[in-house]
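Two complexes come next, and they have one chain in common, chain A, joined by chain B in the first and chain C in the second.
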Partner chain A sequence: MPVWMPQTYIGIQKSTCKILFLGFRVPEAREAGLSLDEPLLAIKNLKVEFASERGIVRALDGVDFEIGRSEIVAVVGESGSGKSVTALSLMGLLPRTARVTAGQAVFEGRDLLKMSSADLCATRGRDIGMIFQDPMTSLNPTLTIGFQIGETLREHLGFGPAESRARTLELLKWVGIPDAESRLDQYPHQFSGGMRQRVMIAIGLACQPKLLIADEPTTALDVTVQAQILDLMSGLVRKLGASLLIITHNLGVVARYADRVVVMYSGRIAERGEASAVFNNPRHFYTAGLLNSAPRLDAPVQDRLETIEGQPPDPANRPEGCAFAPRCPHKIAACTQKLSLLPTDKGTLSACARQEEIAAGHLHWGGKAQGAEPTLAKQDEPAILTVDNLVKHYMVSAGWRSPMRIVKAVDGVSLSIKPGQTIGLVGESGCGKSTLGRMILRLDDPTSGRIMIGGHDATHAKGDDLRQLRRLFQVVFQDPYASLNPRKTIGEAIGEPMRVHGIAKGAKANQRVAELLNQVGLRPEMADRFPHQMSGGQRQRIGIARALAMQPKLIICDEAVSALDVSIQAQVVNLLTELKRSMNLSYLFIAHDLAVVRHIADEVLVMYLGRIVERAPRDRLYAQPQHPYTRMLLAAAPSPDPQREKARSQAALVGEPPSPFAPPPGCAFAPRCPLANEECRRAPPVLRQTGPDHHVACLRSEA
Partner chain B sequence: MSDASTHTHMATHKALSTTLWRFARRQPLGAAGALLILAFIICGLFAPWVSPYDPFDTNFSAVLEGPSRAHWFGTDSFGRDVLSRIIYGSRSALALGVTASLLGAAIGGLIGVMAAYYGGKFDTLTQRLIDIILSIPVIVLALVLAAVLGKHEIGALDLNLVLAIAIPNAPRAARIIRSAALSICRMPYIEAAKTAGFTDMRIILGHIAPNLAAPALVLVPAFVAQAILMESSLSFLGVGIVEPAPSWGLMLSGVAVSLFAEAPWTVIFPGLAISVTVFAFSLLGDALRDELDPKSRS
Partner chain C sequence: MTRYILSSFGQFLLTLVGVAILIFLLLRVAPGDVVEVKMRSGGAVVSADTIARERTRLGLDKPLPNQFVDWMSGLSHFDLGKSMWTERPVVEEISTRIGITLEVAVLALVIGLAVALPLGIASALSNGSWLDQAIRVFSVAGLSAPPFWLGMLLLLALLLSIGWQPPIKTISWSENPIGHLSQLICPALVVGWRLSATIARMLRSSLLDVLNEDYVRTARSKGLPERLVIIRHALGNALLPAITVAGLEFAFLLGGLVVTEQVFNLNGVGRLLVQAVGQSDFTLIQGLVLMFAVFFMVVNFAVDLLYAVLDPRLR
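Let's turn to the complex of A and B:
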C-alpha cells in the first residue's frame, strides 16, 4: 500500500465522494450515444512525476493501454513498477507531491485527468468503483458495514434509507456474506479479512459501475480466501457486464482471471496483449524472466530457481533506453536507445529490441536447471532442534462482561530438525506457525512442552545460559524494512553480535563483516551504509548476514521471502539454499506459500489452527497430499499458466479459517471439509502414520 | 608531541570544524539556536564583564525607569539595572533550567523505556506510581521536595533545587517516552537483538534509546521552559533562589507583576529572555532530531 495513504478508508471516502460531494451529476454516457466498439477506458501516453528530495522521479513514463467493455485487464509488475500509480491517477487519488505531466485517460469519451473535481466525484464510486489492498484499513472502523455500503447508494443514486437498506442487503447476499440481515449493523472489526474484502466489493459494485479498479485486492488475504474473493469478483463483474482492472504482482492471479495483461517495469510497459499469448509466448525478456523465476507447483523442483539478477533501476535515475537492459542477459547496443511498443508475431505488443529473435526461437531466458533431491536426514545424527508437544495458550477477554477465554495458539506441536535439514512449516494466517517460531526463538514463553536445542533444554533457559544458547539459533524476519535498526549502519548491525559474543573483535570483526557481506552477495563497502539506503532484497540479505554472524546451526526463517518481489524472492531462496549446503545449516522455514516451501524444504509440516495436520517428506506431500486441508491449499495456489488455471474447478474452496476464539469442536477443519462426518466433529484427530515418514491427522483421509 | 599525534589532533580538529560547518549549512535554524544558547552561556560566564552595572546595586533615585541609553532594559522597583540582572540571571536559568530538565527527562525516559521493554508487572507498577505522582500538582511536589531536601549548594548551583525541579517532571517524560518506546520494542529488529543474545541494558540503551531521539528532543526544550518557571515559583515561595540574587523567574514574580501597568519592562524583558532561551533550545532540538535521523544523511 502506498505510504502516503495509511488509512485507505479516507481514500475510499474520496472515491465515493463523501468529502468533495457537490451534488452534480454527469450526463450518462449511454444516453450520450457513444459507440460500444470504443474502449471503455483508453490510457494514452500517461506520464506522472513525483517531487522527491532526490529530485523529480518519473513514476510513469508514457503508459498506453485500453480496457474494453466487459473485459478483465491485469496490470502486473513488481514494486516500483508504477502499477499502483496508474490506478491512483485514474481515480484522481494521487498524493500532492505527484503531478500528471502528460497523457490522457479517456473514459467514455471524457478525459478523467482533466475532469473538474465535481465531475470526478460524480464518476468515482458511480461509474468507476475501487477496491483497495488492505481490507483492514479500507473500512472506517467507526461506521457500520450497512452504513458504509449504503452511503455510496445514497450519495450517487439518491436512495432513501429504506431503499438503500434493501439494496445493501441484496448486495451483501451477492458477495456471499451469510446472515446478511444481522451483519448489516455490525462494525468492520466483527468481520474477518476475507469478509471485509467482500464488503469492499459490495461497495465497489454498489452503483453497478462500468469499471471496477482493484489494487492488489487479495494480497493481504490467505491463499484459500484469495481464490474465493477473486472468483467472486470476476464472477460478479462478468455478470454485470462491467470491466475489471486488476493491479497485482501475482502472476497466478493474472493467469486465472485476466483476458488481457499489461506487464509494467520501472514506469513503462514492457509487454501487453492477450493473457494466454503473453504467458505462453513472452516476447520480452522481463516477462520471460518473471515467469521463470516464480516458484511453481506444477514444474519439477529445481536445484536453483531461475532468477533475474540485480534489482530494478532507481526511478530517479532510469536508463534512457530499455529500463530492464542492466539486468538482461541478452542486452545489445540497441537496448540503450529509446524503444517503443511494437507488434509481435503473437499479436501482442513488446518493447524488447530483440523480440524477433525471441520469436524465431534463437534466444531463451536462462538455461535448464537441474532437478534437486531433498536432503535426507541421517538417522543416526542427533537432531539440532527437538520440539516436544509444545503448547501456547493465551488468556483473552472478549469484552468487559464476558469471562476470560483461552486461545490455543499452538496446541501440542512436536517436530525435530537434523543438521543440514530444512523443515517447511506451512499454514494460513492465525494457524500458530509464527507463534511456534517465536517460542523456539524464546521470544515467547511456552505454556507447556519442551524445546531442545543442540542437546540443551532451552525451554526455561534464562540469563547467561540462554544468551549462550542463542548462538545456536538465529532468525530472519519477514519485513525487510522493520528488521534492521534504522540508526545502525549495516556494518554495525552485522558486527555487533560478533563483538558481544567475542566471536571476533576489532579489525578482525570488520574483516568478518566484509566476508559475510560477500557471502550474501553484497559488496563489502556497503558496511558503511544505513538500512534506508538499501532495497528490500538487499535488506533481507543483510538480515541473513546478521544471522550468519553468530555461526548458528539453525536459522528460523519467519516468512523470510514473502515480502519480496518475485525476481528478488528467487534470488534470496537460492542464497538460502547455497548457504545451507556450504555451511550445513538447518532451517525452519515458516511460510504461507506452498510453492516457495517446495523449493527449499526437505520435509513439510502443514499447520491448521494450532496443530500439525500433515507431515511428510517434500516430494511425497506434493505428489500425494492426504489431508483435505493440504489438498485445499494446493488447489487454491494459483500458478502462472492460463490453460491450467482456467480449466481448474473452484468448487473445492469453501469457508475461511475459523476464529481461534471459538474453535469448532473435534477436527478444526471439519466445518470446511468435504469429507467430514459426525465422527470428525467429536474429537480432534491425532497424527497417525499413513506411509513412509508420512503422518496425517485425519480420520477420513483415505475416503 | 610527536608529529603523528599532532597530525591526528589536527585531523580531528578539522573534522570537528567541518562537521559543525556542515551542520550550520544544512540546519541554519538549528545553528541560530545553538548560537543563541552560546550567547547566553557566554553572558553567564562573563557576567561581571558583560553587564553594565552590578545587579545588586540599588539606586533609589532611578526607580522604575523606562528603557533609556543608560539603562537599556530599564530599572526595577529598587532601581537595579534590568539588563544586568537578566545577564546574571542567565547563570541560574541555564545551570538550573537545563540540568533540571535534562535530568528529569533522563530519569523519566529511562523509566519509560524500561516500562515499555519489560512490560508486565514492572510496567503496571511504574504506570500506577506515575498516576499517583501526576495527581499531585507539580508545584506542590516540587515545594515539598525542595523543603525536605534543604539546600546543597555546589558553587552557585543548588543541587537539591535541581532535583526538586527534575523529579516532578520525570513522570511526564516517562509517559511520553514509554508510548514511543512501546512501538519500537515490538519492531523485529529489537527481537533480532534479543535473539542475538544481547543483554537487556545493551538493547535498551544501544538499540531502543537512539530511536527515541525524536520525542526526547521535542520534550527537553519544553521542559527547559517549565524548569525556569518552576524555579521562579519556588523562589517566590521562598525555597528556591532568594532575593536579591538575580533570577529570571524571580524577576517575573512578586511585586513586578503588580507594577506591570506602569513599568512593563520589568516583566517583558525577563519574559523575553525565557522565551528566547526556550525558542533557541527548540530550534536546536529540531535540528538535532533531523540530523540524528540517518535518513537525512545521504
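Let's turn to the complex of A and C:
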C-alpha cells in the first residue's frame, strides 16, 4: 500500500505528538503497515560526480549500504573519502557543482534521489533530521534559538506560535540546556560550541524523525564535550526508536556507538559490517592500517607510530582496481582489477582481493619494526627555554552594552625545556595554550613574567636581538592550508627565513631547500610547486621544513597534526620524532589530543583556563593522573575498541569549560569537579609536588 | 549602548573640528578673493582703498588665527556666519536650498533600493545564467554612464516623445504637488539607476556568499521551501553589506548631486556650492562643506545603528 499520504500523515502526527514526546512511543510509521524487516534506508550503487577545473571528479563510485530501523550506522573514512558527500546526497543538499549520476536511496519505499523538491522538503526535517559538523556556523546568527528550533515544528507539524514555543522549551530541556526558559530568546553567539550542538540536536530531532544523519557532529568540539554530545545524541535516538547515521573520521566514536560500520576509501566502500567484527577482525588492509595508525592510550608507547605510507589517490585519477593498492604493502596483480564487496568469514563484506588470506592468518598489516619504548631526554643539561610565571591579560568588550573586562588568557605559567626534550602542552580550546605559544615566539607581548631563551632574557627583546633569538626557535602552525602564502612556491616559502636572516642566498639557498625537502620526506623538485598543488600532509611537512631551515634549537608545534587525517598524522608524528633525534631538537608540542601527545612528549603539562593544573613525566601522568581534570580528559578520549568503549561509563563527564569572561572563583575546575568542596571555591590552588617531578594544582587530588 | 553612542558622539565632534580646520586652511591657501571677484569681476574699476575697506568690513584683513577663532566661536553656537556675497546668513542660504536636494536624494535612494533588491536577488539566484548576465549589463551601464549624459539623454527623449521639459522655475509642493514631483523624478531616476547598480552588485555578491553558509544548509535540511530559506535565512544576513553601501552612496549624494542639479536646473545645495566656489564665498563654502561632513557622519552612524538592529552579535 502507498505509505506516503502527507495530509493524513501530518494529521496523525499532530494529534499524537504530545503523547509521543513524553512517552517516547515507537514512531507510528510501523503502524502504517510497513514491514519492519525492510531496511529504513537502502543506498544502492550511488555515484556522484563533481564538475571541477580538472574535469569530472567522481566523488562517489558505487556506494551500497543499508540502515535498519533503530540502528546506529557509522560511515568512517578520511577526508576526501566521500563520506560527507554520501550524507549530503541523501538530503539533496549537494552543492550545485555536484550531480548524482546513478543509484538509488530508498527510504521507506521511496527513492530520495528522485523525489520532487516539494516531497523532499516534506521529508527533510520531518522524517530525516540532520546535524552538521560546525555548530559555530550551522545556526543563523541573526535569529533566536527558539525561532530556529520552532521553525521546524511550525513548518512540518503546523504548530501555532504558543504551541511551538512550549514544545521548543521542552526540547531544550530534553537536550540538556540549563535555564531553558531564558535561553529560548537568545541568539547563537550567546551559546558555547557544545550548547549550540545541543541546539542542533534539538532541531534535528524536533519532529521525531525516523533517521538522524550526523555529519562529523563532534569534530569541532572539545574532547570532554564531544563525549557528552555523542551520548546525548545516541541516547535520544535510541529512546525515539529512530536510526542514526554518523559520519566520522574518529574510530573511537565508531567503536563506542555504532552497531554497524561502513569504511570508505576514495569514494568506494572498502569494508562494512557489524562494528565489533570489523574492528576486531578487519578483512581489508585499509581498515587494518587505519586501526593501527591511530595513536591509542590503551596500547604501549611505541617509538614510531604505525603508518599508512603515501596518500589517498586523486579522485580524478582513481585506479580502476583497488584504490588503496598504491599504498598497500601487500598488493598483488589481482588488486588492479575491479573488485566488489564479498562476504568474509566474519559475516562482514570486504573489497580486499586478499581477504581470505587475511582471514587465514597468513597476512598481517604492517609488521614494521616499531622499536622499543623511546628513552626520555636527559635531564641534566641547562634548559634551552625557561618561562617564568608568564601572564597574558586581554582587555575585551563583549558588545556595545557590556563594560570592558579583563580576560586572563594565561595566568602565571612556568615551564622549562631542555635540549632534546619534548614538552606536551594539553588543554581544550580557550585554555590559553596557543597564547602561551605565541608569547614564547614573541608574537604576543606578555603582560608580565619572563621568557629566557638559551640564557638570554627574551621577554622584551626588540629589533636585532629579537631576530637573533628567533633563529633559535621556530613554529609549525595548525592549519597547513592557511599558513603558507598561496602565491609563493614551496621553495620560496622554505628559503624565506634563510634570506631574511641572511644565511644563504641563490644557489646555496636552493641547495639547502632541496636538503630540507629531502629531510622531511618530500622530493626536491617539489620546490617549484605552489601550496595548492600539495596535500594537507605535504603542506605540514613543508611547514616543518620551513621551521628547520634556521636550524633552530626549539620548535613550537601549535596543534601541528590536529588538522590531519589519522594515517597522515602518524606519518608527521614519526617525522617529528626522527628529526628530534637526529638534530637534538626540543619541541613544545601544543595539542588537545592526549593520545598523540603521549607518543611524542617526554613531559606533559595539562592546562585549564590559563593555568597549569598538572605537570608530570609522560609515563607517570598517563599511569597515575592526579588532577580530576586530567582524569576526565583521559576518560573522555575514545579508543577504537568496541568492547572497551561499550563497557565504559560516562558518568564522570559533566559540564563545559567555563567562559574566560566569567571565570569561577577559586579553582576554575571546581564547577565540574566531582571532588570539589567549599575550600576549592575560595582560592585557586597552586601547583604542589606530589611525587618525583609530579606537580598538581589540586587540593583534593588524594581524596 | 550608551557608551557606544557617547563614544560615537565624541568621534563625531573630533572629526568635525578636523574638517573645520582643514577646509578653513584649504580655502585660505587656494587662489581667489571674494572682494576682488565681487567688485572687479565685471571689469569695473574700483580703487584699492574701497577694496581694502570692503575687506575690513568682511573681517578678511584680520590675521588668519583670528579669523579662525571668530569662525569657530560662531560655530560653537551654531552661527555659520554670513555669506560674503549676499550678506544673508549662511544657515538661511543653505536651508532654503537643502530641501530640493534632500528630496532628490531620498527619492533616488527609494528608486535605487526598489530596483536593486529584486535585481540583486534575482542575479544571485540565477548566478551564471543569461538573466544574471543581463542584470550585470544593466548594472555596469548604470555605473559607467556619466549621470549628466544620461540626464541629457532622458530630457531629450522626453522632449522628443511627449514634448515635456522640466519647468524653468522651481515649483513648490504647496502650489502643485504633481508638478513638484515631476521635476524631481528625472534626476532621481538618473541618480537612482547608478545607486541601484552599486547596491545590486553588492547584494548579489553578499547573497552568493551567504547562500554558501552552513546555516543556509541547515535551513534547507529542516525542509523549509527554498523561498523561505532565502527570505528568512539568507536575505537578512546578505543585506548587511548592501546597507553599508547604500548608506555611503546616500551620504555622498547630498554633495554629489552638483552636476545633476545643473543638468536638471534644480536649485539645490549642489548648485549653491558651485556658485559659492565660483564667487570665492568663503563662509558659504565652509558652511556647506561642514554640512556635508555632518550629513556623512550622521548617515554612517545610522547605518551602524541599523547594523545593531539586524545583527544581534553587535548589540
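To be clear about the criterion, the second predicted complex is superposed on the first by the 654 of 703 C-alpha atoms of A that agree within 3 Å, B and C clash if a C-alpha of one lies under 4 Å from a C-alpha of the other, contacts with A are read in each partner's own complex, and residues count from 1 in each chain.
Throughout what follows, a contact is a pair of C-beta atoms (placed from the backbone, for glycine too) under 8 Å apart; a residue touches a chain by one contact, two chains touch by 3 or more.
It should be emphasised that the depicted structure is a prediction, and the values quoted were computed from it without experimental measurement.
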* To do: Look at A:Glu151 in the shared chain and tell me whether it touches chain B only, chain C only, both, or neither; answer first, second, both or neither.
  => second
* With the two structures laid over each other on chain A, which partner does A:Leu93 touch: chain B (first), chain C (second), both, or neither? -> second
* To do: Return first, second, both or neither, reflecting whether A:Ala482 touches chain B, chain C, both chains, or no partner chain.
  => first
* Taking the superposition as given, does A:Tyr187 touch the first partner, chain B, the second, chain C, both, or neither? -> second
* To do: Applying the touch criterion given at the start, work out whether A:Gln540 contacts chain B, chain C, both or neither, answering first, second, both or neither.
  => neither
* **Partner chain in contact with A:Met130 - chain B first, chain C second, else both or neither** => second
* Touch check for A:Ile203: first (chain B), second (chain C), both, or neither? -> second
* To do: Can you check the complex and tell me which residues of chain A touch chain C?
  => 91-93, 117-118, 120-126, 129-130, 132, 134, 137-143, 151-152, 155-156, 187, 189, 200, 203, 399-401, 403
* Asked: What residues of chain C sit close enough to touch chain A in their complex?
  -> 1, 3-4, 213-215, 217-226, 228, 232-233, 236-237, 308, 310-315
* Complex contact set, residues of chain B against chain A -> 187-199, 202, 207, 210-211, 292-295, 297-298
* Asked: Okay, in this complex, where on chain A does chain B touch?
  -> 53-54, 441-443, 466-468, 470-471, 473-475, 477-479, 482-488, 496-497, 500-501, 530-533, 543, 546, 550
